[in-house]
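I've put the structures underneath this note.
Shared between the two complexes below is subunit A, which has subunit B as its partner in the first and subunit C in the second.
Our next item is the complex of A and B:
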């Protein structure tokens, strides 16, 4: 039944959502001139989360809940959907990066397994924030709060980078240097924390969804 | 008679409305009509039965099980028709069917094709582009195509033309012929139920007013019309929704046998329709014991 629910999400979308998802290539690749790995990771996150974030707008909750499926399975499918979408998203971004590395006159490298782990962790952090809000507050509030929080995190990361590059401010130097020296350890730590957050978010979403009226 | 649905002491509270101690049954092999004015609680009760809305108190058992015990099995055996289209509006009927059919183990593609043809539905048209009646027909086709043992319909006839309404009622009668299925059917168009229902449950303002065999319900009530002099205080207490004019009165007698002998020749006793029972009962609640015209 979870497979059927995932299939439902895949085929119940409006076609232009897929076109809009592809348009995110433009800002995240700097008009196809950037080979910076973090942009490719962000691109995988955006492409993988696009449909799961848009889908609830078209979802028919009364229909889904009248079908022979438990509410827990509906929530499980919601949490598995980003994983499903991350497969085509990774393939597409991988092909793009491969072409970029092969033909573009800019320095670049291929996507690594660590990049993918970081992308998945980022994706599930986003989703873990979004779904409980969606179930408790509705679509508009959930997307708005998620967008604001996502933006705030990106600004925060940029601020940390700026502080690190500012010679008069040294408070974050040792932390950033630690991350630069041990990036894989940082990714593992981040993925571990995200896994715990995702499990907590899933449990909360199941509880909220089981109490919901349609 | 085996009960397919048993609702016991169901309560649901909203800020401006509540269901209070709703008790009802749906019997195998019969059509049970669920009547009441708009906003009486019909849809809320049906949503509780379908587990779309969680009851605050009480139990709903379907096929002897609660939703907590086995909602998947229960819903496999139910064909549900909502009062408005709840399918994907931007997708065609065929696309909607392809998404929904795999959820049902007993989905019958031939039966679906049969209903699509019988209801003259355009498979490739988007749901949003259908008329209200066509949407309801599609909803019916989807609900019936997996051979459900229980058909629950929330206001299915409200958007339908008279010809199809009759066809639908005939279809429902055909469905229960094998005595293995049951139909639970809410409507405020009571004439529909008069034709086909075996049992009637009447809800008003969140409370069940009556729940019994249709013929018995009609038999025990009567519309009384007569001169004002006949209407003593004692007799008035037996009537619902009394309307008085300068020359006479009319009202609904809820226990006909209690006036046996007293009414002969003095007042007119008419067999009520379900609409009469609904009208006078709701009027009684809204306006108190009587109104003066």
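Our next item is the complex of A and C:
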């Protein structure tokens, strides 16, 4: 039944959701790329999360919840949907990067397995934040809070990048240097923490959804 | 016959308020059951509990003998529903809406989709997007959607809301057909009494969360103590006096040259014989037909007392 629910999400979208998802190429790449992998990772996150974040707006709760399916399975399908969407998103971004690596007149590199792991971890961090909010506060509040938090995190990361060489913040400098020196270890740590957060978020969402009256 | 839908002492608390208070009822295969009540009486909450949209605080609901609390999947697979408005995707075609629902139900074939579209006479617009549909067409498609997996129970909350008279009549025809030909039990909540009177076999009235009355719609089978009769007699005053003396337990009064009696059929016969034996001529005896509206108002005014 989880598979049917995932198929439902795939086929019940408005066509222009896909067009809108694709348009996220513009802010992230400007249909060009500097070859910086983080842009590609962010693009995979945005493309993969687009439909799962938009879909609840169109969802028919009464229909969905009167189907012969437990609420736990509905939540499971919600948490698996981003994984499903990450497949076409990765393929599209991979082709895009491949074309640049092959034809661009500047050095660039293909997406690696570590990049993908980082993208998945980022995606699930976002989703883990979004779904409990969606279930408890509703769509508008959940999307607003998620967008604000996502934006704040991106600004925060950019601020750290900008100021980490500050001599008065030696601990920050050494942390960032450590991450730069051991990116894979950082990705593993980040993925591990995200996995724990995702499991906690899933358990919370199941509990909230099972208690919810429609 | 075993009931297909059974509510057993169902309670629902919303905050501190008891929205549904010990409702018990049974609906049988092929039966059309009306669920009446004033606004805020607990109709929609009850329907939401039957369809699994709202949890039961206590009691149980059994559908095809499966408990909705302990065996949710088995119970709910027998239910087709429209709660308030049909849950349709306006940007998909009629056929794709049904296909989409069919994907999430077991053993629904393409033929099922075709036959349901034909049943509700939407097969000619199957490829049209639902946003272009009139309200009546949407309701019809909602019925088709609710029936696509061949449920044993169809739950409808105010199904004729917003429909014009032709649409209401059409809806009535589909529901009758489905109940008669497929043995589907239909549970309809409504505040349109005339509508319930025309379509339902039995009805229940809920008020302030409590069931205050369950009756057959047809007057013939109503409990005997509820029957009211009028007698046209030769001497009204004498007849009244004699009747009250001989039948002290009956409610008897004079009104507009008629003797009004609330009694069982046999008692009316005995009264007529008695009056005749006492020299009062009885010209005619008429059983008062109460409309559903009368019965609804009586029940809701009497309340839960």
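Definition applied: the second predicted complex is superposed on the first by the 204 of 214 C-alpha atoms of A that agree within 3 Å, B and C clash if a C-alpha of one lies under 4 Å from a C-alpha of the other, contacts with A are read in each partner's own complex, and residues count from 1 in each chain.
One rule holds for everything that comes next: a residue touches a chain if its C-beta (ideal position, glycine included) is under 8 Å from a C-beta of that chain, and two chains touch if they have at least 3 such contacts.
Predicted model only: the values in this text are computed from it and were never measured.
Taken together through their common subunit A, the two structures put subunit B and subunit C in a clash.
When the shared chain is aligned, subunit B and subunit C each come close enough to touch A:70.
Residues 1, 4, 7-8, 11-12, 14, 58, 60, 62-63, 65-70, 211, 213-214 of subunit A lie in contact with subunit B in one complex and with subunit C in the other. By the touch rule above, subunit A contacts subunit C in their complex via residues 1, 4-5, 7-8, 11-12, 14-15, 58, 60-63, 65-70, 211, 213-214.
Across the complex, subunit B is touched by residues 1, 4, 7-8, 11-12, 14, 58, 60, 62-63, 65-70, 211-214 of subunit A.
Taken in their complex, subunit C has these residues touching subunit A: 48, 51-55, 72-74, 76-77, 79, 81, 83-84, 87-89, 91-92, 96, 100-101, 103-106. The residues of subunit B lying in touch with subunit A in their complex are 47, 50-54, 71-76, 80, 82, 86-88, 90-91, 95, 98-100, 102-104.
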